[in-house]
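Since the structure comes first, as structure tokens, the remarks are kept for the end.
Chain nomenclature is as follows: A, B, C and D, assigned in order of appearance, with residue numbering initiated at 1 for each chain independently.
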Amino acid sequence: MEALAHLAAAESKTVRVDYFALLKEQRGLASENLETRSSTVLELYEELQKRHGFSLKHSSVAVALNDEFADWSEKLTERDKVVFIPPVAGG
Amino acid sequence: MEALAHLAAAESKTVRVDYFALLKEQRGLASENLETRSSTVLELYEELQKRHGFSLKHSSVAVALNDEFADWSEKLTERDKVVFIPPVAGG
Amino acid sequence: MFTLSDTPIDADALKRLVNTQEAGAYVAFEGWVRNHNEGQAVTGLEYEAYEALAVKEGNKIIDEAQKFSILKAHCVHRTGALKIGDMAVMVVVTSAHRKEAFAACEFIIDEIKKRLPIWKRETYVDGSTSWVNCAHNHEAVHETAQASGAKS
Amino acid sequence: MFTLSDTPIDADALKRLVNTQEAGAYVAFEGWVRNHNEGQAVTGLEYEAYEALAVKEGNKIIDEAQKFSILKAHCVHRTGALKIGDMAVMVVVTSAHRKEAFAACEFIIDEIKKRLPIWKRETYVDGSTSWVNCAHNHEAVHETAQASGAKS
């Protein structure tokens, strides 16, 4: 099982990422489809943070997977929609 | 002093009484000037309750003297304005 | 400020009275005439106020609400005949932050209902009428005298 | 019901949505754009929302407010550019008695502010802008994830 999980983690998949607020500014775009070998949404955030210099640590960001709040440990699968949610300020 | 207080209590004075809500209905008028020998507002209420058959006991009524909430033990003086306040129901 | 009104309450005018650029929060309470009370079908009602004391006590309550660090507060209470759905009372409050506006608005309407010499006569579907809180429960300790801190 | 709006909120229309003959109490909250925030003079602001999730989560909050035994509740949140004094959000609630309407209205706005993926960018008098809650305090634990009960 562990060996299989490792294989899955290394597999490449295409996911859609939408950006809002500060992350949209720092990424310079609102949405992109990208290929990644990241296994979880946390790995994906850290990958993108390194690439684009996001100032927010993941501990101050929430994450949604396919328009539902998700845990950082959630696995990514092909065609997932991922949204990283900076600290909110509605109202 | 007690003798004087007793004399004061017995003294006749003219006061104005305004009636509202249930008391106005039971008295059949909104306001009257009346002569009384009652010493306190409580005595006056009991005098009028006996005369007009008010259904509310004084313990469920409040009293105002000259447009301020007052204690039942408050003394009556000439030209005082007295209002007995049935249980309120604003709002 | 507290006022009595024998004509319909203008909600928009009341809101304008508490508007200020420092305000981040606005809380409003409106009391509406319901079509029933304690299981009885109500067809209409009448409010009667002891005006001099009600206005004095109402303004005292508005002043007391300043303890919540609000910006502005206002309350209007109707008198006279009202129909189902009519507005009987409105409280409006503004503050920098919402917590204070909620607390002050609820405080004001709670105290208004407890302390103001205002009475309500309901008319029921069978044509009978009743002064609310007076017909039954004559032994109830009167809240007004207790809450208002009578003279002595 | 919860909705987002990129045009000014119609307070009267919202009030009509919760009107019902059983209602004795109506409580409204409005959030207005203030002319200052944490000591800085604000000249305007913009709200951005992650619409799909904001609407879903907003409606979940309205549903949760039914625990207060209210009659009806509605909330609208603005998106886009707003000026000082503009209404950013409005919550309206009706109930038979006032205590429930106050509790539900405050619950809804508290949860809306905590849980909805909506962001605010303020523009200051010197022309600079800032995403509120993002510029400083990057270490703060994110309230949304904690409050909303994430998937697993």
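FYI, a residue touches a chain if its C-beta (ideal position, glycine included) is under 8 Å from a C-beta of that chain, and two chains touch if they have at least 3 such contacts.
Small disclaimer: the values here were computed from a predicted structure and weren't measured.
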Touch graph components, with chain C removed from consideration: A, D | B
Whole-Å gap separating chain A and chain B, where each centre is the average of the chain's CA atoms: 77
CA centroid of chain A to CA centroid of chain D, Å: 26
Residue numbers of chain C (touch at least two other chains): 31, 98, 109
Residues within chain B bordering two or more other chains: 91
Which chain pairs touch, all of them: A-D, B-C, C-D
Touching residues (chain side chain B, partner chain C) in the complex: 18, 20-22, 24-25, 55-57, 59-65, 67-71, 73-74, 83, 85-91
Chain C - residues contacting chain D, complex: 19, 21-36, 84-85, 96, 98, 101-102, 105-106, 109
Complex interface listing, chain D residues touching chain A: 31, 47-50, 52-54, 56-57, 77, 88-89, 109, 112-121, 131-135, 137-145, 148-152
